[in-house]
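In what follows, chain A forms one complex with chain B and a second complex with chain C.
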Partner chain A sequence: MNGENKIKAPANPFQPEPARIVRTYPLTDDVNFFQIRIADMEKALSFQYQTGQFAMISVLGAGEAPFSISSTPSRPGLLEFCIRKAGTVTNALFQMKENDLIGLRGPYGNTFPIEKMQGKDIVIVMGGLGAAPLRSVLLYLLDNRDQFGRVLLLHGAKRPAEMLLREEFFSLKEREDLECYLTVDEDDTGEWPADVGLVTQLFKKLGNINPENTFSLVCGPPIMYKFVLKEILKLNIPKDQILMTLERRMKCGVGKCGHCAIDYIYTCLDGPVFTYWDVIHMRELI
Partner chain B sequence: MEKILTKKSFPAWVKNLQSYTVYAPEKQENLWSYEVIQNPDKINLEYLNTVLAPKKITYPQREIFLQFNTSKEGKPQIKEVLPEEQPAVIFGVRPCDAKAITLTDKVFGEEPKDPYYWSRRNQTILVGLTCNPPPSPNCFCLSVGGSPHSKEGLDILMTDMGDKYHIDSLTKKGEKLIKAAENLFKPASPKDKKELEKIQRESEKKIKREIKDIKNIPDKLKDMFESPFWDEEAMSCIRCGICTYLCPTCYCFDITDELTSTLPLKGKRVRTWDTCQFPDFTMHSSGHNPRPDKASRLRQRILHKFQYHVENYQDYLCTGCGRCISLCPMGIDIIEILNKVRDYE
Partner chain C sequence: MKIVKLKKTNLFLFLEIISKEADFWAPVKKSPDKHIFEVIEDFSKINLDYTRTILPPKKIMLPSDFNMFQASNTKYTPDFSHVSKKIIFGIHPCDIHALVIMDKFYSHEYNDPYYQKARDNTLILGHSCWPDEYCMCKSTHTHVVKEGYDLFFTDLEDTYVVWIGSSRGDDLIRLKPELFDEDLTDKDIQNFSQRREERDKAFTNDINFEAMPDLMELKYQNLLWDKLGEACLACGSCTNVCPTCNCYNVEDKPILGKNCSNISRCWDSCTLENYSGVAGGENFREKRSDRLKLFYTHKLQSYISKYGKPACVGCGRCVVTCPVDINVYTVSKSLDNEEVDTFWNRLSKEVTK
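Now for the complex of A and B:
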């Protein structure tokens, strides 16, 4: 095969698709909600993604960064993101207004194993910005409620003002088909109507869990995993039924740039959804 | 097809390749570098190896991905910028560097294929040169499955035989180059072939350095992830990144936007080489860094080359060129590291 490379230059995977900010508003001091629609109507409707995946968002001049998709594929057309202002791209994004054009490419990464999760009880544990990727799968479960067993949600934030999408979660709390527990580490308002304490303290509210029949989905800041995983392991849920969606610095999203390489895998291709089994076998994941 | 070309006729051959951009090593302030050749009479193939591998031509350190601006109506416009379709010939490619290009081919050939890389690569012809003068003291191609006369990845392999070159054409692209000036070449005689074999055998003997028992290294590395070994080895690293920037096989990159004007918006999206040896390579926007110290970054470089890449492609991500050893300002030596790994208990 010496040098006889017949691979023809294909369509460009690095070319972003023009997209428009439909709505944007603050969720917390430094996190904004973005509703985005691909400018080309046909492409907007045919954009297929699954829960757990992410997209690269471009602000021309500032650059590109990966963001988990917070909307559910069961409601096509609009893409939603919860984005924290942290770097060059997000700073530029926060200055943009409704109807402004951005670039979008994706979807990238693997997905939650929805088929395997069918018929099972699902315990979702989210902390801080961890709500961003897990909201996608939570809404998917609720949109297809009859396909799953119990759905339990444990959501923790530092303070009331820092809980993403509080109103949405409080209205979900009213649903009878969702066991929803919301907690803050510290209530500095004196008016917090739900639990106070670390998210780990909510585990005692779960009641009887049949571990073999349960999937647990976790996302939060790196420090949270250590303590939350301890609680989940106490429940005896099998290691391959504990799923985490992990953050990694990424540049290309298509398995080439090397930034998200861990062990012999690329997070952008083989992640961001990993099982607890992966986490103990692939060091440096968190 | 094996041919003989006298050294005197070599410039005439290159002169017949006018439709190509021709690159060859050129001495610039004591350092060798691949440059576009204007005058074929001045090509000098009496060099050891260049500072930067020919990777800089097939996969340039900086390339434009997209151009963008705002239209008169205020709409952002994005234009794809693919490299120009320009056939190129690179003369004097060392076998280690040619092998390195085949490794990058595999990564950028995975779906989705990289269109920037392939539009250049498909147009590039690699003319290699056997390393029969004494090689660099840090060459170790034999340890990683290469050799000073390996043909892997090359379209033509040239071997210096005193006043003439033995020319081994290996691909259709190579044949085409020879056909451009066919009358300059003579068929190689049995005597030439015998001499060639002797030169090639001797060239192997000149490779002095060796990674011992390399076959066991990938497994050995698996058990050394948590070892304090990496702290010791990385102690002297000043995280300059030279080892990776000069490496012919390293392919990691960054994508950034460069602005020429903010109002109206005008700029480019560019790809540049990047390195796992820089702290911000893995730093999250939150400040958390899963690879926070020099030790974990050196470990990543070694494990990527000698464990992870082997798992994915059954080949080392190293071709034994020795650049990272010769040019490390702190004397970090990948051969020594791997030989210590072998003996580590």
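Now for the complex of A and C:
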């Protein structure tokens, strides 16, 4: 009756792996870019993740926190993160230098439904730190470009200095197979070479969209969802083809500490990627 | 199921034999109406005439604060010093059900080795009980047990009927088989059934738990929650005493003068203010009423939807503990439109006067 019939996950899901900061540099005033490699070579190469997932990063003496993986599984080896200075752990991370050791475990959470997205047009809308999880899927789409239809990117920031990964996005803008629109609410430099205005205003540039054949991926600050979702719904994209990744307090990443609970689910296990249908039928999601 | 008999006069002798290499936990009386589980060496301190202990046995499996890792930059070494060979004697059916719920929870998707190792090293020796006016376990169907224990002792005047629930339980009996009688007489069976019938009648509470998932959904915006939110002290007592509450926090505690830390895990409570706070000052449940909704969604709804039974085992601890009468009994009754005498109802009457 008590026979083992299920293979359980390996020993200790809470145990961080020592990992090294390969490179780190500022993206904006309060966001830094981090390239990280798990110290043990074999474990580094066997770390398999998918777009949309996150990892728990720990700094000795400070603690542990969840961060979206910003790199793409189509370029294995290094893991990349965009991290905003927000509190204890992130402050400690900002103190660290290249070659310093941190702890890392994961990957956790669900993923973007890449298989279902194949052959479809993809509209990605990002604002602020929303670029962190969405960069992963964007690069994945570009690395597997022939598997998808049109790929459109709308990226908004308050001011030029606040746009994450500006240079990278400007060079992507040169690609013919990506329709890339970059906008700032307000151009305080007078030299912004792209759009000025709210990200919602970019929707008129999308041209003809076949809603049934389109997936839209959204991530940004809470206020952005409200307005961007309105625009996406106007396009008539089906509710379960609108995807977003959401943030909650997380202390374990594996469904045990309870902090990320919403309704009857745990964001760390059943999220962080949700559909718009999830959002309207589950309480408290946004 | 194997069932044997033990003379009550032989109980201590048996406990003596089985507890040689283990910490022996049992209920002990602390004040006229307060009992706790404690490690004991002198069996005469055991007090089986109790209804519920202040804290449930979860404190024995996962203490309120324990170390998960000894960490340095180059290594996170798991620390299992909270695990030792243990026996818990005198645990009641509701608390055994809570352990079974924990077993499921801690092995769901990811296995929690801190719970699992503690559980694997602990023998559960259950004991029968008699309900008081706060027990709700008949409504939650947790007043009898079929799994989750190694031995279960039913008290029948001068003897115990001992149910053997596991192979490890069977091993215990085999340490001194001559103490046990394998033949239950017709009289024993009659006594057992009679006790069971009388006990069933002794329950005074009846809560319609089956109706709760729908009521939670339908009344999610009900004013009731505002009243509860106004009364709640956000003290976290309810979650501490609840045998199925399992939320925790993790803390990195640096060791002074050394470049290493203890990574510790301590109980947390969804009723506390910052439970759902995230960076940027955003707090998804700033209001006490929102946090109570989370607690009751967990107890009365989500678990029922997932596993077909509530995450409440009806132990009544929240009923005797919450200083402002917010508990599974009063909340369920109120959701079911019954008038209950509570601090918060009196409070809102005061206000409207």
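One rule holds for everything that comes next: the second predicted complex is superposed on the first by the 276 of 286 C-alpha atoms of A that agree within 3 Å, B and C clash if a C-alpha of one lies under 4 Å from a C-alpha of the other, contacts with A are read in each partner's own complex, and residues count from 1 in each chain.
One rule holds for everything that comes next: contacts are C-beta pairs under 8 Å (C-beta built on N, C-alpha and C of every residue); 3 or more make two chains touch, one makes a residue touch a chain.
Computed from a predicted structure; not experimentally measured.
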After aligning the two structures on chain A, examine chain B and chain C and state clash or fit.
clash
Between chain B (first) and chain C (second), which, if any, makes contact with A:N208: first, second, both or neither?
neither
Is A:N99 touching the first partner chain B, the second partner chain C, both, or neither of them?
neither
Of the partners chain B and chain C, which touch A:Q48 in the superposed model: first, second, both, neither?
neither
Touching partner for A:R84 - first (chain B), second (chain C), both, neither
both
Touching A:A261 in the superposition: chain B (first), chain C (second), both, neither?
both
Touching both chain C and chain B, counted on chain A across the two superposed complexes
2, 8-9, 11-16, 18, 58, 60-64, 84, 86-87, 90, 101, 103, 222, 247-249, 251-252, 254-259, 261, 263-264, 283-284
Quick one: which bits of chain A touch chain B in the complex? Just the residue numbers, please.
2-5, 7-16, 18, 58, 60-65, 84, 86-87, 90, 101, 103, 221-222, 247-249, 251-252, 254-259, 261-264, 283-286
Inside the complex, what are the residues of chain A that reach chain C?
2, 8-9, 11-16, 18, 39, 58, 60-64, 84, 86-87, 90, 101, 103, 222, 247-249, 251-252, 254-259, 261, 263-264, 269, 283-284
Spell out the part of chain C that touches chain A in their complex, as residue ranges.
68-69, 71-76, 78, 105-114, 166, 220, 246-252, 254, 259-261, 268, 270, 275-280, 282, 284-285, 290, 294, 297-298, 301-302, 305-306
Can you check the complex and tell me which residues of chain B touch chain A?
65-66, 68, 75-76, 78, 80, 82, 105, 107-110, 112-116, 118-119, 121-122, 125-126, 151-155, 170-174, 225-226, 251-257, 259, 262, 265, 267, 269, 274, 276, 281-286, 288, 290-291, 296, 300, 304, 307-309, 311-312
